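All chains are identified by letter, namely A, B, C, D and E, in their written order; residue positions are counted from 1 within each chain.
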Amino acid sequence: MNLIILLAIAFGGALITYFLGKISQKIRDIFAVFISLALAVIAACFYNVSSREIYYTGFLDFPFVLRVNTFSWFFAVTIAVIGLFSIIFSLNYIRKRGNTDFYYSMMLLVIASMIGIVLSGDLVSFYIFWEIMSWSTFLLISYNRGPAISAGMKYIIMSVTGSVVMLVGIVSLYLHYDTLVYTELSGLLNNASSGYILFIIILFFIAFGVKNAIWPLHVWLPPAHSEAPSPFSSVLSGILIKIGTYGIILLIFVIIQINVFLNLGEGILSVRYIISIIGVITILIPTFIALLQDDAKRLLAWSTIAQAGYIILGIAYGTSESVAGGMFHFFNHAIFKSLLFMVVGAVEYRTNGVRDLNSLGGLIKKMPVTFIGGLIGICGLIGVPLTNGFVSKWLIYKTLILNNSPFLAFAALLGTWGTILYSYKLIHNMFLGQLPEKYEKIKKAPFSMQLPIVILSLAIIFFGIIPGLPLHVINSIESGFGMEPLTINIWGIASDTGTINMLNIFTAVLVIGIMVWLIFKVSKKSTVIGQYDNYAAGTTVPKDKYNYSVNFYDPLCRMISPYLKDFIDDFYMSLARSIKNTGNGIRRIYTGDVGHYVIYIILFLALLIFIQINWELW
Amino acid sequence: MDRNKLGKWLQSPGKMGQKYSLHALYFCTGCGIIEIPPTITARWDAERFGVIPVATPRQANLFLITGYVSVKTLRPIIRSYEQMPEPKFTVGFGSCPINGGMYWDSYNTIKHLDKYIPIDGWIAGCMPRPEAVFVAVTHLWTLIDKGMADGYKKYREDYHYYRENQEKILGKLEWPPLFSSKKM
Amino acid sequence: MNHTGTSLKENLLSYFDDILVEISDEHRLTISCKKDSVITILSSLNRNGYNHLALISCVDWIKDNELELVYIISAYTEDSEKGKMNILVKTKIAREKPELLTVMSIYENAEPYERELHELYGINFKGHPRLIPLLLEREYEIPPFRKDFDTRKYVQDVFDKIPFVEDKKGRK
Amino acid sequence: MVMNTILEIIIIILLAAIIGLFFLGLSRKIMARIHWRYGPPIAQPVIDIIKLFNQTSMSHGKLFNFGIIFSLSGSVVVLLFLPLGEMCPLSSSGGLLVILYCMLIAPLGLALSGGEAANPITSIGISRKFLLAFGYELPLLLILLTVMTHFNTISIVDIVNMQLQTGWSFQHLPLLLSGIAYILILPAILDLRPFELIQAPQEISSGPMIEYGGKFLALATIQHAFNVFISLSLFTNLFLGGAENPGYFFLKMLIVFIILLFVNAVTPRFRIEQAIKFLWRWPALLAFAGLIIVSVTG
Amino acid sequence: MRELELYFGPQHLGMVGNFSITLNVEGDRIVKATANPGFLHRGFEKLMEQRTWIQNFPLVCRINVVEPDHMELIYAMAVEKLAGIEVPERAQFIRSIYLELARVGSHLFGLWAYANMLGFDTVANWAMYHRDLVLDLFEEITGGRVYHIYIWPGGVRRDFPKGFKDKIINTLHTIGSCVPDYDDTFFNNRIFYKRSKDIGKITHEEAKRMGAVGQVLRATGMKQDIRKIEPYAAYDQVDWEIPVRTGGDAYSRIWVVRDEMIESVRMILKLLDKMPEGEVYNKIPNPFKWNIPDNEAYVRCESSRGELGLYLVSNGENKPYRAHFRTPSYNHGLTILEKALENESIADVGNIMISLYITAPEIDR
């Protein structure tokens, strides 16, 4: 199988979908699912294949290189699978909206461009796919119109700023080394001065940081995630922002090489520490802000930023365990965050667009499968043992502690406890508590929504009990980067500094759970009662009014909210305003009168002559 | 007091448990509540008999109806009683729930509490002393032992009649019947 | 007879002409007035420093077919003479469809008293924000505190008629 | 080998249940004596549990049942990670970090179960529970990190073994600070005054327990007993040298518990925000100082 | 946005008395509180119209179960006023001593309730124990622990038994010697301060506007006490002080209660010293044929909660024509409570309610 064929299917499928939609909706739906399924299958076939294909385009002598190895395979498969599930999820979700052809083709285009990014072998093709992805994402974010357009604008402005900065970096690299192919670059950069490497890192880091929503470049993310259609939110949060992660890994491990990276700077001021600290800040602040959110998707959006912080922390810290943890967390986060967005989307679908956490409640009785999905999702998010999030976080913490960085570990752990607070709030306010009367007749989510939810929740448990499978892949990626591999087995990690064995824990939980359940079962049977037979100090339970969800963590929020104003966002907005004002000022120069322009030109020539006479610059 | 006899515990743990762990629902239905704090605090200390007040009906198995019951109080009493898990025991405290007592001609107190919920025992007097609570508790032990504290069974059997009486006083009750009565 | 009481009496009589003021007891001043002038009298008392409404009571004079409302006013003061004064402002209204203006604008704490009288005597206080039941659960045909409401007969009719569950079972 | 492990597991669970329930009974007795009362028999919690199992109960749904089972089994699993002398059946499965995470399961289970009960007071109780947990986790994380950094291991068995060689953790200055901080937050973990605001019967009528009756309450009581054992045993293992012999181990736990009871007797309960402020001030400050000293001295 | 309606009472462990407050809550702040009384309504005043003057004594003391003695006193005073009966000097002293003992007992009950509300079991147990000691004294003179029916028109039912004076002094010394313990563990406790400071705050102006009396008023800085303004019994015979605080919050109210309790103990000791010898009882007419002339009376006294008044009307028959009690809890519980609860935390509902010293039966009657 050829890589170019894969890309051709991806891009061609996107295009054909649009035109198929003009013929029949049904055929288009089936075709979209088929294309994404094909992508997932084909991508999976590249396992353990390592190839590199060079196509000459004849354009400015830049080679167009596609390559696949375990690293890009890992990302490509994740992208294709999550893309498949969100396409399936879209089937019902998007049906009643307008402009569905456009939606599907854009969705496939985003997936195709992401696959293109991870398969590209040089920075030019990387940049081209990157721009396709940015713009198609922009179109999808603003799909819902209304507030979505401003969210999309925010996204695209930041994204374009990022890619321009990246372009500067790419041009600079090309000027220095005359090549943009990864494999050639990596050897050359070894000998560069550390100042130049730092310059490159900063340039690229801004671009990838915008995409990965690293604090303080995160401001586009909350509105974009909450305003985008839910299936796309799960793509956005699950994989799209992880393209930024891909870029960072590419930068640190492929282009620059890990040993060069680790030796940049000394002690607490080394680049690795600074990026780790930025990662920790990215964990902490968004976690607390997520606590204050009342919109389910916005809460998840802030949570996405916080989880991205773990990934950055793991990758930037640079030990083989932490990098494994970071990459594993990327994988896990793709699963549980897209699951959670799908859960919210299913609720949103059934309640006609309600995602305000203060007005839902009690839906567990009506949508049990969705609830279980949500429950497993938040367990993964928190990192409860036996879910996949646990192992990745454990790896990061362990290496932080044993390498004497307890404060980083502390901040990361504290973020987890914040995660418990907001994720319980999410699940409680949507599914638990009293069911409002107006939702008495609600139906459970349709099959096309339940299927991805069920599969993804099973995946969370599966990879939680058998973390060895993805860790094995990650191990081979790491050895490809020239790092020391971990000692892993199928059930966990066995090293002399600390072992983890999920099988033991799983067996213990299972056996003890069954024992307790038996005790529960043997003792007197309990009668099942409804939600109105409830303690209300002796009075009857008032309908609709007996539910605690507004300001769930009021005492804490009162304490912390004064410190958590989103000042970064305010900063950007004031920056935007001042740029607009400057623009207005500049526009005043262009009066439209030819006479004025003549004066400008004469003044400019006079200035040039004046400079020439005085300093003789040219 | 046969609390320390292991043999009895092995023979009928349920009964013994109910005897020595009477959790009283804390509900100030009337002026009798004034003698409950002395009963549970330092002077008399009901906890040595395993009697402690609890906050919600779900955790309680003893309902001390302390004093007269006005029409407005009857509703929460019925609600709380029905929410208690079985086996549950009720004790009327003071003369007023027995036959109206001092308020026999008041238009707003119900006179005979046992018309509305079953009562397992009475403590007469106005006000009964805290010692009387202990006498009642020890007497209740005997009743439990002999299987005569069966108010909750009666309530289950004759729920239809009780509900009818309750609705005569309180009008239509908001909650659905606790047991589906077969004898309707 | 104390000085404060007599001076207050003179003061009131000079302002209002259709009222009857008598000093019944030491420190007890009784003012009888028409139902329309209650508000003005009370507000003038309030201005004079008698700012504590102790009680609003009602007596059912069934023989005269009248309800008598009694507002008992005293003063928050550390002046001992004034503090001793208790002023009873009385007014009579008809028993059928009794109506009166609320005095909540003058004394804020009149709210529960008026609610209670509305419930127990059936007096309608105009301008009261929430004349909802305060104490009672059941509806009574005659407001229960009126003299023609016979509680003993009511008890016989309602509570005594409810059968014991054992009796009922026996009969069936 | 396997038989040995199974035997160990059974012994640990039984021992923890007995000690935990004994502590619950003892606390009632000692509190009674401080109140100038005679107090219930020490076995009163057991009597209560026997009664509760013989009562009917009301359930609000499947999650209501599942939550309580989940919670209790979570507590029991934590027990298997804690070394009790030589016995530590799951010592090889992750160490202190796993204990930290497994301790999450119990409150999460209760929270899920309570959430299904559709009672706002339960939700308020859960909200308080999580907030208080957030309050004490901050110092607790610092304390555990101090210990782990000091001994440079994440395995609790190693920590206990090293203490056998170098003496109790309490003897080293940074760990002394953390130990004091741990004692300050222990009442919050054990739901004792001044932090007894999760159930707070006079405020929110026993909070998350509000809809529990019969076997639910019995399982919740047993879970609480395990929780008492776990928290005390963790403290003893980390700071008081663990268990060189079961008798000493029990004695150490008892002494700590009685100190806590005395504090319990002479303080009213905090409001939740005051509790968080307190926990984030003194214990966190002490623990922070400890962590700084440890990380500076290496 | 979903509203939340919570119920504090009637069946609630923090509720002292059968009373209910409906709370509209947002987060853990109370937006609006509505008092819902009436669970204890027995129609006392209606029942009194059907019983003779003397038969009413057992009835009136049941209006307020925490402190029945002031109810007896106010009814006796009203009857004395209507019928023109004099009370002997010694009886006045005995009444004062008896009422002050009742006040100590009632304040100890309040302390129990407040300590219990804050979860302070130890102090609660001690306070209840000490109240029992006071009740023992009552039991010795009257034969009843809670309801005594000791005060009678024309005096008191019987004189103090022999050696009773020493017993009173003994008991008071026992209680008084524990005051430092109470101070150390409770009143000077930092957490008590934190829990009650600035909670349920009422300014002086608001208190006046909404008819506050008793501790609630005195905690806002006003020295108002019926015992001083319009002395009854023997309160003008001895010197005593009115304890006042200026905070207007729960903290000040509880401290006023504490100071008042200590002042009462001092007052009892002074009264015991000054007590004259003599009759304790003036004869009244045959109770079965006792018609009181056509008249009306409004009398008031200072109960342990504040101003207690009785408006009593007679139409010349052997029964009262109309009786209406002005009870201190009425305005505290129905007007001030709703105001004081606004914008407070749900953790402080019981705290505020008990610090306002509300007893439900007084409201409902």
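Going forward, a contact is a pair of C-beta atoms (placed from the backbone, for glycine too) under 8 Å apart; a residue touches a chain by one contact, two chains touch by 3 or more.
Please read these numbers as outputs of a predicted model, since none were measured by experiment.
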| item | value |
| --- | --- |
| Contacts common to chain B and chain D (chain labels) | A, E |
| Leader among chain pairs (count of C-beta contacts) | A-D |
| Closest chain to the centre of mass proxy, which here is the mean CA position | D |
| Most remote chain, CA-based centroid, reference being chain A | C |
| Centre-to-centre distance between chain E and chain B (centres being mean Cα positions), rounded to whole Å | 30 |
| Separation of mean Cα positions, chain E and chain C [Å, integer] | 23 |
| For chain A paired with chain D, centre-to-centre distance based on mean C-alpha positions, whole Å | 36 |
| Mean-CA-position distance for chain D and chain C (Å) | 60 |
| In chain A, residues with contacts to at least two other chains | 533, 535-539, 546-549, 552, 554-555 |
| Shared interface positions of chain B, touching two or more other chains | 27, 41-42, 54-58, 70, 72, 75-76, 80, 83, 105-108 |
| Where chain C touches two or more other chains at once, by residue number | 135-137, 144, 149, 151-152 |
| Interchain pairs in contact, sorted by label | A-B, A-D, A-E, B-C, B-D, B-E, C-E, D-E |
| Touch list for chain E against partner chain D, complex | 4, 6, 12-14, 28, 115-122, 125-126, 129, 185, 189, 191-192, 194-195, 345-350 |
| Partner chain A, residues of chain E touching it in the complex | 1-5, 7-12, 15, 20, 25-29, 345 |
| Complex contact set, residues of chain E against chain C | 37-38, 41, 43, 45-47, 50, 81, 208-211, 217, 222-224, 228-230, 296-298, 300, 307, 309, 311, 313, 321-322, 324, 326, 330-331, 334-335, 364 |
| Chain C to chain E touching residues, read off their complex | 24-25, 27-28, 51-55, 57-60, 70, 72, 76, 78, 80, 83-84, 86, 88, 107-109, 111-113, 133-137, 144-145, 149, 151-152 |
| Chain E residues touching chain B - in the complex, by the definition given at the top | 10-13, 15-18, 38-43, 46-47, 50, 58-59, 62, 65-66, 109, 112, 124-126, 128-129, 131-132, 135, 144-147, 360-361, 364 |
